[in-house]
Amino acid sequence: MKILAATLLVLELHVPEPGQDLAAALLAQWPSYAAYVVSFATIGIIWVNHHALFAHVRQVDRTLLFLNLLLLMVVSLIPFPTAILGRFVSAEADSHVAAAIYGVLMILMSLAFTALWRHVTQDVRLLGRHLDPRRARQESALFSAGLAGYVLGVVVAFVSAPLSLLIYGLVALFYVFPWLPEAPAVEYSLE
Amino acid sequence: MKILAATLLVLELHVPEPGQDLAAALLAQWPSYAAYVVSFATIGIIWVNHHALFAHVRQVDRTLLFLNLLLLMVVSLIPFPTAILGRFVSAEADSHVAAAIYGVLMILMSLAFTALWRHVTQDVRLLGRHLDPRRARQESALFSAGLAGYVLGVVVAFVSAPLSLLIYGLVALFYVFPWLPEAPAVEYSLE
Amino acid sequence: MKILAATLLVLELHVPEPGQDLAAALLAQWPSYAAYVVSFATIGIIWVNHHALFAHVRQVDRTLLFLNLLLLMVVSLIPFPTAILGRFVSAEADSHVAAAIYGVLMILMSLAFTALWRHVTQDVRLLGRHLDPRRARQESALFSAGLAGYVLGVVVAFVSAPLSLLIYGLVALFYVFPWLPEAPAVEYSLE
Amino acid sequence: MKILAATLLVLELHVPEPGQDLAAALLAQWPSYAAYVVSFATIGIIWVNHHALFAHVRQVDRTLLFLNLLLLMVVSLIPFPTAILGRFVSAEADSHVAAAIYGVLMILMSLAFTALWRHVTQDVRLLGRHLDPRRARQESALFSAGLAGYVLGVVVAFVSAPLSLLIYGLVALFYVFPWLPEAPAVEYSLE
């Protein structure tokens, strides 16, 4: 479901009108493509982590359902600041506002994911397979690293919006690498 | 499937044109964000309830399929009055019309869900696990409370559109709290 | 998946601009709502029938996969003629063109579904549970009735577009009623 | 999930404004319909191949997840060059740019799919059912044929954009025919 928001990102890319120089018009939109890649990668990584988290979950309570909905609500919003960032990143003053808004949504997303993670890992009834407490702490530390990256991105937004976007992209890239020993493999749906 | 309509809500948020003051333009759209949150929460709660309902269903008949389609048709429409409400809630006279239209769709949605619920709970063949009749009556009472809230919202729409939107939001919030003792846990798909 | 096209239909509904009389502007769009209902119901019925058909299928061959893709391609197009019909049904001369185009797509959809049905029912290897040949013939007759309705709709389009839309709606309504004795119940996913 | 990008393609088709001659306006858009068919068929074939590939996969590692995300990112972009191609294929100079961009995305998609394929087939741990090495080589050869077709399409784009689009369509058509003896049937989800 969450990956759906990633698929909708393409709708925010602007098809130039006939009469413009196509190559020039497309090249001028490079910030939109950069924002597309960063947002798609970010949503994809949330999706991978979400799968990894719920592979541990055996039972679902009401709080979990609503924390999950909260996360979905924030993730589903991502195409909006992505479009704003793509359109304003090369603007003068407003580029800073656009890059900061993007980072604020990423912070909200991190907080919603952390709340979901804490609820799941702190309630032993919800955990089907036993989750190693040491591993749970290590994974929490990884979340904090991401959150710190997004806070840095918001601060940097007021210096340079493209630099801020670069930081958001580096946070996504950071999660691609395996910082922890690979967890026992689980069945993922790849659709 | 129904959660899809929630994901499409973001497409109705308007990205300001370059040249405007971005922060001011975004702030002026606050009613659209409020409507986004209320609609997303509402669709999410329908989704949670729909899961809870169909956890009881073992057999599906033709009537159930078409009642379910009717509910989907109404829920899939939600992005439309949401966009109208977001755009007109601060207008003069039309704010009342916009808020009332939103509430009327919510009433239709409540009625479609109630029809589905009644069909499922009144036909013992359809129920796989036995549903406690007392609990079924309590849950029906909760539906009536939501319906009453939407009717109130439509009436209040003609006094104040923002107040009406607040009522729609409170109806969603009402369902977040556990009014009934937690039902036996079922397997939810969280995707 | 196919139901997704139904969910996208809402994106073709036009949110009036502030400054217009909202109630009047929304009422003037009644053909769009009628087209929404007819198209949603049509896609929903294809979805129900598709489920019913594939409940019989045990094995999938290459031809079946591509016939299924062909059906998806046609069904996914439905939001386009729906938007055209909603916008042009009250126009002068072009209303006839719009209503005829809609019907032509419905005919293509019927043909694609029939091809899929024939392929499945004529190859005993593909059928898991034995399908009664008499019932298969009866269901084929129902498909022909729908096809005849769509052809009639295209012809009537050149007399009156609203009447043509009414016929397309009646074809959908026709399939809601159980013309055949209920088939053995199968497990449907209602999501 | 990937088929979702196919369903979004319809949103890029342009509904003419009232006041235009509807039939003429729709006919003038023929390149958009051609691009719709080619892109839908292409995404559909990726989907079929993706299913066929993952029918072999028993275990999912981190690299596989991220290669899969990369493929999704490219496939989800397809509606964008499709819209560009549909709008510019009959333009003068820009038609060449539009057709070349489309082909470049197809090449990226082929490369992402090949990377995913290689990763899966070279790691015996990931393969649940044993995949015949000879068959794996034959399937790799088929991928190369598609890649060659896309490269040809990009070259031809600078001669004639419609011819280039025809080549992209022929690549899709090429994959519809069974070049290899049918693999053991697997359970596909057809939704």
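Per-chain numbering from 1; labels A, B, C and D assigned in written order.
The rule is short, and it goes like this: a contact is a pair of C-beta atoms (placed from the backbone, for glycine too) under 8 Å apart; a residue touches a chain by one contact, two chains touch by 3 or more.
All values derive from a computational prediction rather than experimental measurement.
Put simply, chain A has to spin 180° for its C-alpha atoms to lie on chain C, with the angle rounded to a multiple of 5.
Of all residue numbers seen at the chain A-chain D contact, under half occur in both copies; the interface is built from largely non-matching residues.
In this assembly, the C-alpha centroid of chain A lies 37 Å from the C-alpha centroid of chain C. Chain centres here are Cα means. That of chain B falls 26 Å from that of chain C. Among all residues of chain C, those that touch two or more other chains are 4, 8, 11. Under the touch rule stated earlier, the contacting chain pairs are A-B, A-D, B-C, C-D.
Residues of chain B that touch chain A in their complex: 3-4, 6-11, 13, 15-16, 18, 21-23, 26, 36-37, 40-41, 44-45, 47-48, 176, 178, 182, 185-188, 190-191. Listed in rising order, the residues of chain A touching chain B in the complex are 1-2, 4-5, 8, 11-12, 50, 54, 57, 59-62, 64-66, 68-69, 72-73, 76-80, 83-84, 87-88, 91, 94, 97-98, 101, 189.
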